[in-house]
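The block underneath contains the structure these notes are about, expressed in structure tokens.
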Amino acid sequence: MSYEIEDKIRDECGVFGIYMNYPATLSDPAKIAYYGIFALQHRGQESAGIAVSNGQYIKVYKDMGLVTEALHPETIETLQGHIAIGHVRYSTKDNSSLINAQPLALHYNKGMIALAHNGNLMHDGTLRQELADDGAVFHTTNDIEIIANLIARHSKNSIEEAIIKCLPIMGAGFALLVMTEDSLIGVRDPMGIRPLCLGQSNGDYMLASESAAFDTIGAKFIRDVKPGEIIIIDKDGCRGRQGIETGKKAHCIFEYIYFARPDSNIDGINVYQARKELGRQLARENKVDADLVISVPDSGTPSALGFAQEAGLPFEEGLMKNRYVGRTFIKPSQQLRELGVRLKLNPVREIVKDKKIVMVDDSIMRGTTSKQIVQMLREAGAAEIHMAVASPPTRYPCYYGIDTEKPEQLIANSMTEKEIEDFITADSLYYISKEGMIKSLQNDECNFCTACFSGNYPFKYENNKKP
Amino acid sequence: MSYEIEDKIRDECGVFGIYMNYPATLSDPAKIAYYGIFALQHRGQESAGIAVSNGQYIKVYKDMGLVTEALHPETIETLQGHIAIGHVRYSTKDNSSLINAQPLALHYNKGMIALAHNGNLMHDGTLRQELADDGAVFHTTNDIEIIANLIARHSKNSIEEAIIKCLPIMGAGFALLVMTEDSLIGVRDPMGIRPLCLGQSNGDYMLASESAAFDTIGAKFIRDVKPGEIIIIDKDGCRGRQGIETGKKAHCIFEYIYFARPDSNIDGINVYQARKELGRQLARENKVDADLVISVPDSGTPSALGFAQEAGLPFEEGLMKNRYVGRTFIKPSQQLRELGVRLKLNPVREIVKDKKIVMVDDSIMRGTTSKQIVQMLREAGAAEIHMAVASPPTRYPCYYGIDTEKPEQLIANSMTEKEIEDFITADSLYYISKEGMIKSLQNDECNFCTACFSGNYPFKYENNKKP
Amino acid sequence: MSYEIEDKIRDECGVFGIYMNYPATLSDPAKIAYYGIFALQHRGQESAGIAVSNGQYIKVYKDMGLVTEALHPETIETLQGHIAIGHVRYSTKDNSSLINAQPLALHYNKGMIALAHNGNLMHDGTLRQELADDGAVFHTTNDIEIIANLIARHSKNSIEEAIIKCLPIMGAGFALLVMTEDSLIGVRDPMGIRPLCLGQSNGDYMLASESAAFDTIGAKFIRDVKPGEIIIIDKDGCRGRQGIETGKKAHCIFEYIYFARPDSNIDGINVYQARKELGRQLARENKVDADLVISVPDSGTPSALGFAQEAGLPFEEGLMKNRYVGRTFIKPSQQLRELGVRLKLNPVREIVKDKKIVMVDDSIMRGTTSKQIVQMLREAGAAEIHMAVASPPTRYPCYYGIDTEKPEQLIANSMTEKEIEDFITADSLYYISKEGMIKSLQNDECNFCTACFSGNYPFKYENNKKP
Amino acid sequence: MSYEIEDKIRDECGVFGIYMNYPATLSDPAKIAYYGIFALQHRGQESAGIAVSNGQYIKVYKDMGLVTEALHPETIETLQGHIAIGHVRYSTKDNSSLINAQPLALHYNKGMIALAHNGNLMHDGTLRQELADDGAVFHTTNDIEIIANLIARHSKNSIEEAIIKCLPIMGAGFALLVMTEDSLIGVRDPMGIRPLCLGQSNGDYMLASESAAFDTIGAKFIRDVKPGEIIIIDKDGCRGRQGIETGKKAHCIFEYIYFARPDSNIDGINVYQARKELGRQLARENKVDADLVISVPDSGTPSALGFAQEAGLPFEEGLMKNRYVGRTFIKPSQQLRELGVRLKLNPVREIVKDKKIVMVDDSIMRGTTSKQIVQMLREAGAAEIHMAVASPPTRYPCYYGIDTEKPEQLIANSMTEKEIEDFITADSLYYISKEGMIKSLQNDECNFCTACFSGNYPFKYENNKKP
């Protein structure tokens, strides 16, 4: 086990929690959490962990790798209790060590506590230093440890009050699960940037990053946790309480574009339908003379289907994906990403040969992958390749829990659309408009964070935050 | 390492071999073999192995798991030589131990030899006993060891002659790679049941189960190895020789239906186009009143697209697949298969709700998975579920290298189509006709093995073979 | 990795630290620390770890098992820096999890810090609660984390001042190494209960629990660290400073009897000579009519040799030890201890048959092992077995860093010597007298802690300490 | 798992077998075998394995490392049956791969068979080639696979007859265990070079390399297996049969000098007493003016005690051994051996300072270790160091199962005793005489193989054997 403590960590993750009053067997909560985070595996493949409470103490197990690699049946059997929380995370650069895996289990003045979150803490540098100046020590470079210290310092009274006191300090951009020895608490940031929802099965309440996790384990989705809301689940049942007031919603629009599962519903919108509508809108905005539509699988497929339907063109699986590799977005180094394209995607020559093709993808980050795919298609004999992107140019970094590229690595940060078209060697390149994107997703209850496209950060980002 | 030696083993596998006269570095052949079998990972996820020859001796490394799990970078670096063969296999029941992994490297009277194959040996019981009566000992229960012993006993002269002498004994249903210290040899069974093809890159010849392996590593497909043909690759280049005469071709039709990658071409037919045409033919044969077409991903998708296009219905991704689980066909026990469906597939409620749906799958084995999917769709609100199957009822076991169910476990072996429809609780059930299937695939050069549908085994199966 | 956080942990451990101004290669400090703790392996076989500082940050690696199991060559290579500290510890009951392994590396308000210690903290329960009430969170149940928090809270000024402020709080019974990004600090408790000494090689200073560690790596022993002294090693060299005044020394007498290596010198006394003199004194106090003297290997051998020489009897290796098992004192459960005797020791029948034997051991804890050995010797034909123990009856628990049995498990706590003699079925039983023990060891500079024999604890033990 | 097949393998090993008619639980035979080979751990630390038969098939587990590392409790539980054989071996150079570990389990024409042996096969090269020419293939480079093939080829009738037919082919220098599905067979080579003995406990018979294995598990030694004898244990009990006639005994004298445990009795001689008598004889032959006697622990200690008693000098533990390292004889590379001495041994300065010392060791191979020890003692202040060796100069390699150095690496092969004395920088050097050695060991029933000292090989060694 190697612990190297680095400057900073930022991660997209998945969380799942369950409180069972009367589990059939004491390993049931851990098992359900196992399947819960398995269903959220797309939100993080680097490490997986589960913590359980048996009412008296908390036990945690976590390891590097996929859920099925990190957590073995015999391990799950040892995690006995009536409450469980689980976590999956993905690696960012060189921070991928076990020490930073979650849940984090700790002793504090009221006993034991375990925490797991998706997102990141605003002003983490300042908060960390303030705590250190007050005598705190940190084992990790993970935000969750800062949150744990904040909560511990405000825990004179109940844990609920402690969390409420900490909320104004914690900024925006997180979904947090807190398990004490006898309760499960969920908190969503004041703007609802990161998703969190409440479910139920046989009278037992649970919390998850995405609703698809409930489907997988046969539970019912109840509702999304409201921005700034605290959900407390204990022996008396489940109750919500507005932990902090907030005037403005800012749901992360990238969850709909890329991150979430298509079979999840987030804040009232089904992700698959959202992606399909983005594709339709893209087709409405851009008329392309083509023979067929293909997608960059898997995330581009719903938009490609929408595009094809709107444009009246046939959809084909023109690129075959090797199912045994992860997502482009996740693999860390530049070199591996380029190698990855060859390993991951292969054109079906018989489909693309001599054809004018519209290729739909969800987004473009660095552009290098798109370039390689265009070239592979051309080598396979495609006559024309028109790339259609179901999101606007990604120009700005995310500070709310998604580890996008540094600005200078985002191709749209330094190139015009025309230059990108040339770079990726496509015959033409189409992005959906910002307005078209919002129109595709809009419903009356939602406002979105579109900072990665617009640079308008809904929550103030201060200078001391980033190196 | 646990060795338990069982009665019998049967497996679908993938093989890849390369001969490089002047590798840039001595680990290049192993690296290319690594990517070659990585591209064939769908043919076997249980174990992976690579053997290399440096002209003087052969070294082999193999382990349980996926290619990326079994073979680490540091391992590949130690596999130095100019020839390499790789193998992936999948587990059958409880035979999944390392001892049965391939390639198998051995000493024989001419030096060292390594073997890897896809398929299985006819009359293996008899051959094994005959060899044992003659003093042979066996470390494994794998057919490849029988083949190795046969070759060793006929190796007075060249290895090529030894293989030719063994071919009449070996029956049909295999693709075999043999690596000696200074040559790479590929052999395809007399009827060409299992696929094997020849590729080239920068003057270096290679052999693979499927053409997609060549695409992945940037090599060119040259041609399929002919039934009964022996390909010898050595310092003098590559030459083919008819090892055994054969009047009749019998290419496994299930490779097109399910096993092979859609981006592979086998014996002149592109798999994706074949599947799509099966879907079209299915739609031609069966007019269904429906709102949309969905597939059981991923193998059912090309046929579903063909069906949708022919029927003029929209195609939607109505079932979302968790990309972090393997294929139904592969997981062994009944219990895990049923659990697997929930874990693997989830309906997109917003797409299927109140809709009349055609659900296309490539085949039905036990029927239990189909039943669960139908029920999940119904719970998600689908109004009608019509199941369309892009292959005829599977009624008979395969003795040529695919580990299908035992006959009594194949639902079509004991139920009529109507009974199956009831069992899976679909509103209606449609199979493609045998004639329609052949018509969809037929080209002038090919004849297929359709034994799993018809019971007409192209190569005689003798009583002493199966328990 | 399983973290279960238990009530309390108590351990005997070994520590080693080195500061190199100009290491030949940056992995040299880690390598020397590796060999340093390897030489101290007898002080703890449960886990091993090394932390290094490169002047800017600290990196740590630790794992369960022996030094050679936990720390691999490739791991050591990654531990680059100019300062290193290492630690070995042994398991107590069910606390044997990686989370409690040392060194502990942390961030605090001045940067990074790593700590490793041998011993335990007085009043740990109270200190822990006080810190928690002030907002501290704890990842482990290890005393070292309490010490880290204490130091962090007093670190307004230098680390040296912080340690000095903490010393009065920390009680007695520890040897502590603290590594900051640019210094190595050693602290010995105010009474010098646990050993710590200073060495040097090629101008580089080092600290170790025992002098034998210096011999192993070819360094020179300089002197013992004084009770209450702080040794600071940094770019300006090495200097000592009395951190806390103390009137009374209380060196642990059990280090001489059992714990330390015979080739170590502690506080001016060579352990081998001390043990031999204990054996001589034992012989002087007890005249036994016997044919030969044997020892319970290995720790009883020097005393047995002393006894034999004083008594004029031949010494023989009457009990053969399987070198592939650990020490009796260390294996946890009652059942394994009994099983262990058979596995570990075997009489040489030809030596003991028909003989009157004096069997010398260093101490008796539960008595069960002695009983089994006596019985094995009798089965092997020994005519008479007289047991001579080179320490007085062990009646009281240790609260200064040795995990002795609970009082009720110590046979001398509830039985008279005569009853013990009967229990172990020896023909006679002799303990050295307390006075004889002190006389054997006494030099002018030393006073000892003999609490485990006398119950006179040199440092006050308060009620809130133990459950 | 890496298999690299090398030219040749030669090993010293330990074997243990048990046949239980009515085991209390089906894992008892494996457990007893586990403790049996644990007691024989000194005969091989590289790999460990156990095979069991349940009357119908044989299962085997083996892995690299010590018994406790290679075989875990959960593994042992899966090894169910009523017969078990176990094996430990040690590494030779680069042959230390799992493929060469034992027992070897195989299918042959009568079912399954498992084999384990200590020793090596004469004429292995010739035998191997003859078998290969007859069609045999070899998975390993281990002699045991040749033996298995020989037996399989002669197994028309019973396994017993097959072994008898093979004995004349197999030469001398081995102890072999063969387990079939329903019997346990032990065979000792015609001259009894390698040890093998028969034991019993509760009516169950067992076989082991050394009698100490029986002591450890609480069984009784019955007798040594006779040279050329076959012991057959099955449901009808235990019977011996002379498998091959032999005129001359040639028990390996090095078993007494170094290899065997001192608490074992081999062919009527207790090893401890033998070593002690060697020491006495050494003292009789060489009068040394000295203050004390020390040993090179642990193997030199009995001889040192004998020397001290005979010479009337005190014996002291002047060199402390780190118990956490293996034996010099076993570690492979030159560099590690030299490093090993520092890590393994440390002088007790207070004992040796200003003293004239006799240092007794069992033997000298390369001399480099002796040289380093002499130098360490001198640095520790010893006034004079006189080295006394309890065996004659080792000049010739062993071809009967011990992996001694190549002749050119044996210091006595190229240097006179005086030159060796200079090389190791001792003040004087004494070897026991060949006559003195024989005299020390001689009893009426035994004749010894002293080839490593005399070059008189009792069994003819042919040219084609060694490279």
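Order of writing sets the labels: A, B, C and D. Residues in every chain begin at 1.
The rule is simple: contacts are C-beta pairs under 8 Å (C-beta built on N, C-alpha and C of every residue); 3 or more make two chains touch, one makes a residue touch a chain.
Since the structure is predicted, the reported quantities are computational estimates derived from the model, not experimental observations.
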Centre to centre, using CA atoms, which chain is the farthest one from chain A?
D
For chain B versus chain D, what separation do you get between their C-alpha means, in angstrom?
49
Counting only Cα atoms for the centres, state how far chain A is from chain D in Å.
61
Averaged over CA atoms, how far is the centre of chain A from the centre of chain B? Could you give it in whole Å?
36
Mind pulling the residue numbers of chain D that touch at least two other chains?
none
All chain pairs that touch each other
A-B, A-C, B-D, C-D
Under the definition above, what is the set of chain B residues touching chain A in their complex?
35, 38-39, 41-42, 45, 66-68, 212, 215-218, 261-263, 265, 270, 272-273, 298, 301-302, 305, 309, 314-317, 320, 322-324, 342-343, 346-351
Touching chain D in the complex: which residues of chain B?
1-5, 57-63, 75, 78, 98, 104-109, 112-113, 128-129, 132-139, 141, 148-149, 152-153, 155
